Amino acid sequence: MGPKISRRQMVAGATAAVFAPALRLSAAAPLKVGLLLPLSGALAREGQSCKRGADVSTGVLAQLGLPIELTVADTETNIDTARTRAEKLIADGAQVLVGAFDSAHTMAVAQVCEQRGVPLIINIAAAPNITEQGFRTVFRNFPTAGRLTTDGLSLIKDLLSVTGLKVEKAAFLHNNDTFGQAMAGAIGKLAPGLELPFAIGETIAYDGAARDYAVEIGRAKASGADLVLMISHGEDAIKLIREMVKQRFEPKAIISPGSPGMYEAQFYKTLGKFGDYAITNLPWINPRAPLSKTLLAAFGKQFPDALFEMNVGFTFEAILIAADAARRAGSTASKGLLEALPMTNLSEHVMIGGPIAFDGKGQNNNIHSAAIQNRDSRPVVVLPNENAEMTPVLPMPGWQKR
Amino acid sequence: MKRTALFVLIGLFLLAPLASGPYLLSLLTTLLTFAYLGQAWNIMMGFAGQLSLGHALYVGLGAYVSAALSLFWGIPPILGVFPAMAAAALVGSAIGFLSFRFAVKGVHFTLLTIAFAEIARLTFQHLSALGGTGGLFLPVEARTGVDLIHLRGDPRMFYYVILAMAAALFLACRALMASPLGYRWQALREDPAAAESLGVNLLRVKLAAIALSAALTAAGGVFTAFFYNALFPDQWFGLGYSIEIILAPIIGGLGTLFGPILGAILLTPLGEAITAVTDGLGWQSAGIKPFCYGVCLLLIVKFLPDGIWPAIRKRLP
Amino acid sequence: MILDQVVTGLLTGLIYGLLALGLSVIFGVMRIVNFAHGEMSVVAMYAAWAAARYLGLDPLLSLIPIAAIFFGAGYLLQRGLIQPFVSRPDYMQFILLISVALILTNGALLVFGPEARGIQVDYAFDSYEIGTFLIDKVRLLAAGAALTLTGLLLAFFRFTLTGKAIRAAADNRTGAQVIGLDIGKLYAVTFGIGTASLGAAGVLMALLNDAIPRLGPELTLLSFVIVIVGGLGSMTGALAGGVLIGVSEALAGTLLQPSLKSMFSFALLVLILLLRPQGLLGERS
Amino acid sequence: MNTLLELQGVTKSFRGLKANEDIGFTVGEGEIVGLIGPNGAGKTTLFNMIAGVFPPDRGTIRLSGRDLVGLKPHQTCAAGIGRTFQIVRPFPHLTVAENVLIGALHAEKKMHAARTRAAEVLALVGLDAKAAQKAGTLTLPERKCLEVARALATRPRLLLLDEVMAGLRPNETDQMVAIFRRLNRETGLSILLVEHVMRAVMALSHRVVVINSGRFLCAGLPADVVKDPRVLECYLGGED
């Protein structure tokens, strides 16, 4: 027992005070949360990173007097399995489901939940249609593609004005998967209205399964772009940046208006200094929120080698929302949760943005993106100012000048 | 004996929803879907000997055509299923005709079916009118009650729909097997040259097998579309799905009527059983279940190369 | 720029060629389509990663020992598991190898986890500048190694006694038995050679790509396309097919939308299947 | 006697090698013709052309005046040609009865009529006891019988027999010969047989056609042909 632990406990205690009413219920039966994630199959990496958020949640929430009992099920990145596992979790007594990362699987699980009157809190899934289906039991604490894009593009404008950087032409590279196409569609729709100070020149859709991206980068380079907008999915970001270095393509900035890829452990490990200065505008943990500090400390202890990612934060928050609803309902029964969830107004949470609250469709519209810049192989919040840890550095230094 | 077993099986399936909870019902729906799709695939491979590894193509086509008709023109699936089946039959016939015309056989034919399924997957990824990779969504309304015309209702309705489809297909296949066409398919499967010398028109017989198999698979796709209400090209056109479709009939016994059903009865719960066992043993590592599934599959092929049903049939009086 | 891309495609294609060669050799001799081909080469990528991470071996050095280990593994796999399936119908071989693929992919997931595993060589980001040309150093080295290995394999089949015996067995199985060749052993050796070459290709690919379990099926499909285009069972065909697919994907990505790259390959595959099913360099049976 | 099958100037080469050159002969209605010649004389190639497996490069093949050139095997079958294969090709996973049924389905559209026909033919060749057995389990002589039964079930006007007696014991050969003679006598079936078993050729054939190295050599009554010095020479000299 070192002083570190006790300090962490202190912070936890302070946070717990906010949830004081919860303590009265702490003797009650824990809330049974069923978590559905793609732990194997094509999305295993993402699913397992989400799972770390869940693993750490049990302890953190217990400290807050929000006892939960977590059961994790693997969707195997298969829609039939996702559906069947959801049924199994409910059959085994899960009172609320959390998941399921992939939009297709989330749709399948949502229908099971709707049928069974069990709430589903979506940790991550960006397809706008999910909350347009009139589900009564589905709540999403993740921005839609449109929201992500609007925030992402506005932050680019802010970044350019803060750093005084002038760019003329952007090349837009996007993975042609579900998420990438949704984002690309939103950018096409929203960019004109935002009066961006640059033109989007070449738009390059690429296959996430492609083995190398020499052509993609070759095209971006040939277009004469000085800004690269990138919507990647995961390790494709690594290959794209590596290819830029090899082809000596040095844009003034590489910015993702809201996608995974450039703030992940593997990205830093593989690219080292070449991964620095890239920017991602996306919802991020608010480093200044008290609960965030508790969470980050617990995460650091349980997963000393892992990096805290957006996936972790949103999975944690989804479970937090469920626990909060149970506290307010004074019951862990699904019915009570369903009555309490629409009234959610959770100001003490971890991701940047206003209090968590759901609109009539079950969508939380208070999530805001932050600009995250890679600095010394670490993601750092650089905008908005009230959350910033450092100031943004643009233009990026050239590859050979690092 | 066989007849009794059949009646017991049908009886069990009919009564299952009364005794089972939603979880079991969900599992049984998956099981019957694969029994149905496997049976439809079996027409082409088991009966006529044409190995298709791209059957997801027809599931996807059926799903997308019926969903698009319903979404854009308000045509209910009960009518939409016909154009969906026709579209699949047409595509299947085109592939069949090309392969016949250019004498693409054996492994090459199989790779041709994969290639067409992949081309379809990539095409639908880029069809923004049908949602592209963003997905095509059917409105999820009226989740209670029974509306067979629009295929809206609760899970029990879907269960009985797929049960009826699987049973009807089983009976149809039994009739087909004993029909002149069925015997010509088997002749084509066993020895095309000998079949031809006995007056079998290979092109016609082959096209009939592919078109029928494709159309019936597409009908399964229509069911799937309205069951899941969300269509993504990678999901329904993917090679992974094609492989899933053919596991049950091969494990159950290729070319037999009971094979696809028995295969599905074994394989669908096998996944669940492995999950239960690994969870029970406390093996939490992700990937352990598909790993064990692979091992089981390997053992089955190794020791029951002809499938389960032929092994059982040998022991039946 | 187009010329840059063609050169890149050509170099990548040489590695593809070595990868596909393994599939082609196995099919050519024992008529088995290895549906676990890509998955096996992903295992090789992991092996290369592990050698670099724990032994500090450059993939260009670990290439030989890993290929040797893969030879042994392939030999044993053929003897222990696949041999009885040689004379069984292709769908059974297919299911057998699909199970092997499932086991390998998920075994890799269990052992190495879902994160991409990349090898850091100190020349990873270097490229040569020749006039206006930019040539990626890693790609050039990997392609050179692939070409050398392919050449060695071709020489093995042309000039050594075992190589000749294998070719005889491929041409005429009964005839080979009649003259007293041990077919079982030759098949096991062939499978070993096929596995070794896909293993070597996997190691070289680990220089260009990060290892990740789900890469397997992609590589299997890619190898199929190459082998059919070049000629199933033809060794020089595999090399030619690899280069052709490498270059044409590069060109398709440059001239069309890059996300349509693989569509282009599949279209090429269909054309070849219809118009020249024996492949570009294959012989019509 | 009316001409049933008529070949004129039939020529076929494979990759420059002439398999048949300018072959012409006829088979009359109700006639049994033996086609003999040393190995590699081009007999099977000729059969394949008559049956429509591939067309000749030149020449005509007519059945009752109808041109067969360009027809596919199933069309020549419909025209009235039944054939057996030199290397037997049963449908191994089907029963003997089902094997024959597939042939019978060509003659009879209704299933039960076809089944009856199949049973009759099986009885005729003496395979009725094995009807329920899988064809893959038959012995070679039985497979040869099955091959014949299947072809007969299509109700051909001309039966092409490709070495069906090879590998049979003498008494089996005699039984087979007896069956063909009876069929010929009772139904007027015409037969063109390629055969090396001279015992069968002599017993069955009304007339014998000899080809050598892809060319027509001579034709005549069986007893005359075997004495023809050219025939003797080609057999003795042509054997390699």
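Points to keep in mind about this one:
Order of writing sets the chain letters: A, B, C and D. Residues in each chain are counted from 1.
Operating definition for what follows: a contact is a pair of C-beta atoms (placed from the backbone, for glycine too) under 8 Å apart; a residue touches a chain by one contact, two chains touch by 3 or more.
Being a predicted model, the structure only gives us computed values, none of them experimental.
If each chain is reduced to the average of its C-alpha atoms, the one that sits nearest the average of all protein C-alpha atoms is B.
Averaging Cα atoms per chain gives one point for each, and the point farthest from that of chain D is the centre of A. Comparing chain pairs B-D and A-B by the number of C-beta pairs in contact, the larger count belongs to A-B. Centre-to-centre spacing of chain A and chain D amounts to 76 Å, using the average Cα coordinate of each chain. In whole angstrom, the spacing between the mean C-alpha positions of chain B and chain D is 43. Mean C-alpha positions place chain A and chain B at a centre distance of 36 Å. Computed centre separation for the pair chain C/chain D is 49 angstrom, with centres defined by C-alpha atoms.
Residue positions 40-41, 44, 47-48, 176 of chain A are each in touch with at least two other chains. The set of chain B residues touching two or more other chains comprises 125-126, 240, 286-287, 290. For chain D, residues touching at least two other chains: there are none.
Chain contacts here follow an irregular pattern that is not a line, a ring, a star or a complete set. Taken pair by pair, the chains that touch are A-B, A-C, B-C, B-D.
Within the complex formed with chain B, the residues of chain D that make contact are 51, 53, 72-74, 77-78, 82-83, 85, 89-94, 98, 101-103, 105-106, 109, 111, 114, 150-151, 153-154.
Per the touch definition, chain B reaches chain A in the complex via residues 21-23, 25-27, 30, 33, 125-126, 128, 132-135, 137, 139-141, 143, 154-155, 228-230, 232, 234-235, 240, 271-272, 275, 284, 286-287, 289-290. Residues 1, 4-5, 8-9, 12, 106, 109, 113-116, 118, 120, 124-127, 134, 136, 205, 208-210, 212-214, 218, 222, 249-250, 253-254, 257-262 of chain C are the ones touching chain A in the complex. Across the complex, chain B meets chain D through its residues 178-180, 183-184, 186-187, 190-191, 193-202, 255. On the chain A side of its complex with chain B, the touching residues are 39-41, 44, 47-48, 72, 74, 76, 78-81, 83-84, 87-88, 90-91, 103-104, 107-108, 111-112, 114-116, 127, 129, 132-135, 176-178, 180-182, 185.
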